[in-house]
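So that you can tell them apart, the chains are marked A, B, C and D in the order they are listed, and the count of residues begins at 1 in each.
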Amino acid sequence: MSVWFSIQEGLRGFSRARMASVISIISLSAALFLIAFFLIVSLNMQAWIGEFRQKIEIEVFLEPYLEDVKIRALEQEIRAFPEVNVVEIISREKAARRFQEEFGRSVFEVLEDNPLPPSLVIRLRENYRNAPAVTALSAKIGRLAEVTDVVYQRELLNIIDHYLRLIYLSILGVGLLLLLIALVLIFNTIRLTIAARRDSITIMQLVGATRGMVRRPFVIEGFLQGLISALIAVGLVYLLVHLTRYFLPVVFLRWEIPAIITALGLLMGMLSSRISVNKYL
Amino acid sequence: MIEFYNVHFSISNKQIIRDASLRILKGEFVYLTGISGAGKSSILRLIYMDDLPDSGMIVVEKYSTAKIKLSEIPYLRRKLGVIFQDFKLLKDRTVFENVAFAMRVTGAKSRDIKRRVMKVLAEVNLGHMRNQFPDQLSGGEQQRVAIARAIVNNPLIILADEPTGNLDYQNSRDIMEILERINRQGTAVLMATHNREILKEFPHRSLEVKEGRVIGL
Amino acid sequence: MIEFYNVHFSISNKQIIRDASLRILKGEFVYLTGISGAGKSSILRLIYMDDLPDSGMIVVEKYSTAKIKLSEIPYLRRKLGVIFQDFKLLKDRTVFENVAFAMRVTGAKSRDIKRRVMKVLAEVNLGHMRNQFPDQLSGGEQQRVAIARAIVNNPLIILADEPTGNLDYQNSRDIMEILERINRQGTAVLMATHNREILKEFPHRSLEVKEGRVIGL
Amino acid sequence: MSVWFSIQEGLRGFSRARMASVISIISLSAALFLIAFFLIVSLNMQAWIGEFRQKIEIEVFLEPYLEDVKIRALEQEIRAFPEVNVVEIISREKAARRFQEEFGRSVFEVLEDNPLPPSLVIRLRENYRNAPAVTALSAKIGRLAEVTDVVYQRELLNIIDHYLRLIYLSILGVGLLLLLIALVLIFNTIRLTIAARRDSITIMQLVGATRGMVRRPFVIEGFLQGLISALIAVGLVYLLVHLTRYFLPVVFLRWEIPAIITALGLLMGMLSSRISVNKYL
């Protein structure tokens, strides 16, 4: 009985204060969309960073005239390391091609013989794509027989590690900030709409409504506003992702984002209403 | 039914009621008079416990200010029918919904609500206006909605604050007759009024509020 | 001063005034009677041009509904003093500020405003309440603030809608005496009322609103 | 007289509806802060991109045994090109060092003589750090005597150009989006606070106030709210930049940002108030 009363009242209140409801929903949608947008950006950024780290390589230079069989044996050995994902063999011929690209001249222009050594290019498994792991692995490989030198972009790796930490920190900071702003905006909007109805709240109580009877319909109204706003925000997010794909093919969306947005909308709608209406009870 | 024992009451350091005592019995009809600002509405407010006294005790039916819990106040109010001086209608609801709301909070069934609300609206001559909103009504019409809402629950006590202030002679008489009829059925009525014509035509016991005290006349 | 020529007026398809004609001369004191919902407040609303008639013409002082511009309406209203049935006080302003506001819009000087507002507040016996807010006042006190605001500008015409509905006998007489005194100084007064005691004690010409028409009594 | 009336009324209205004023100011500050924050991010991003583009290089390989005098003459000639900012000479010795870094072996291990040619590394002036300009310049330099080859990271340059355009587009898109969201939120907040006072607006008109007399105090109130919110937002921005500097030394702030934020706050405060109050006039 009382539940039905609350639902009825909540639904009616929603359509009664139509202008305020519409304004709230627009504001809530905007705030939720903001959060969804940020989540998408950070998700994609994380993906891009992952892609970028994938490109970390260790180049292992071998004895200049090592036979192919031995090169392949060494490749097998290194491939077995837990840190190693892929090993590519750079034969002496391939090295010559690289020389040409790098220095603008063929090795064979000056020399009959190719002086360049063969090498192995190592790509790492996901957890080892960072400076300390690379350093440790390089040392280990450097101690193998027939390896003359292990080269990796130490400086670049340090820079990447450093900046990526900063980027993660920034994303976290920005995310918390946006969340806070969105929460404040949602709360304030709902509070203003409820403040405008404080006379009604008083009258209801004077006529014999319990605090719960006054409060619950507002909470249900907040729930509805949160729900509708979340749906609008999710719709906008899909639209945005769809449009962005024309420019940036990498943008993607995970099902968690609509879920988070909806949960946040419902929770904030209900909680803001509850807190606001309690001020007048 | 309603008892005041040496009640003192002040708002923001202003003494409004000082040492008021009164007793209204079950089924009585009592007028409350006094000049503008004497404290009539304040006494009614104390009865429906919108305010609580600074000292002294008020007993209304089985509820006493000495030991009532905040959560019990709504149940007290459902036994009262209050006609507020400023009507206190819900602006965003129709006449019907305003009256129905007082019944809905008690948990009455929709069908009963519908029947009963239509009946009391007809009694105050407003049946045809049930779908209007308060600001589409004349002053007197709003007042009659407030009256309908106060009587819709068949309350034990009616507190009427200047219920004919915006009504013409005929409508005032109609309202008085409704109140007297309900009173005859056992409902106590406490009515604050300035209308001396009414006081003369419908004689009942009168209490006067003067300098914060209640004086029997 | 005020003239209605075959005025018709309806709100949301409801005919409220049909073919009403009336004339109130400079310095007259006229009552407007009629049952609740007859259309008294609607006639006053037409005079201060909050609504405009569907057909017919209303002339108030030098302004006519036939050719008044929207931008002229505020200037018409400054020549009127309106006591609204529901008071229409600004809730977020004190008694003093409420009354002063009506003078401030005319561009009066602060010093003059202060002196004059204090004077009219004293006349309605509210000098001591000038710093209270409307919801800290009794019903009758609010009504007296509305009266003070209506007379503060020494208007050419006073439109009083049930100005004694919340006042006791003595305060009602005081207000009537103020209105009559102002009337003697040349201000026309049109007062909607149900109070038959007042009608008897302060006799003036009466107009009755009945079925949307205005009938001289 | 009337101006003074409006200012007085505006100031009073501001302190009268204290709760609503405080809520508006919080919401407005949050929205303005959002815009300021975005401006800072995009400004810094622009700076970072600029730094990045600075690193675009063209390497010009010369005849292997060209004399130093001729190399320097060529350097002078190239430096005089309008596109060119800095020219660095990579002598044959320096090239040998680069070889060691790149291939893990010294050139001298295999050969007595150094077969590597000298080269010039060119950095460009600001307006020429893009793919078409680099291609044109490379062709021009390639036609010079004693130049054997002109090498630049064509692919990288194309990628950069492509992605940077995307990034610019994204920033623009995000910026417009945020601006829109912020405008909507500010407008809605002010509209709700004014809707709560529509009874007062009606009463003022009934008592003889002209539309302007009713409107102007609200506009002044909006101005004040905009001003205070902008000051708070600017304060928060300075605080944020200050704190961020502990992590990211590059973050900087230009005086235009506070100016834009303040202007936006004032404009939106006044405009939203004006539009909202007009609904009830």
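Note that a contact is a pair of C-beta atoms (placed from the backbone, for glycine too) under 8 Å apart; a residue touches a chain by one contact, two chains touch by 3 or more.
From a predicted model like this one, the values you see are computed outputs, not experimental measurements.
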Using each chain's Cα centroid, which is most distant from the centroid of chain A? C
Mean-CA-position distance for chain D and chain B (Å): 67
Between chain C and chain D, what's the gap in Å when you average each chain's C-alpha atoms? 62
Please tell me the distance, in whole Å, between the geometric centres of chain B and chain C computed from their C-alpha atoms. 29
Which residues of chain C are in contact with two or more other chains? none
In chain D, the residues touching two or more other chains are none
What are the touching chain pairs in this one? A-B, A-D, B-C, C-D
Seen from chain D, its contact residues with chain A in the complex are 19-20, 23-24, 26-27, 30-31, 33-34, 37, 59, 61, 64, 95, 99, 101-105, 107, 109-111, 115-117, 119, 148-151, 166, 169-170, 173-174, 177-178, 181, 184-185, 188-189, 191-193, 195-196, 244, 247-248
Per the touch rule, the chain C residues reaching chain D in their complex are 48, 50, 71, 74-75, 77-78, 82, 84, 88-93, 101-102, 104-107, 149, 153
Enumerate the contact residues on chain A facing chain B in the complex. 1-2, 5, 16-17, 197, 199-200, 202-211, 213
As the complex stands, chain B meets chain C at residues 11-12, 33-37, 40-41, 85-86, 136-141, 143-144, 161-162, 165-172, 194, 196-197
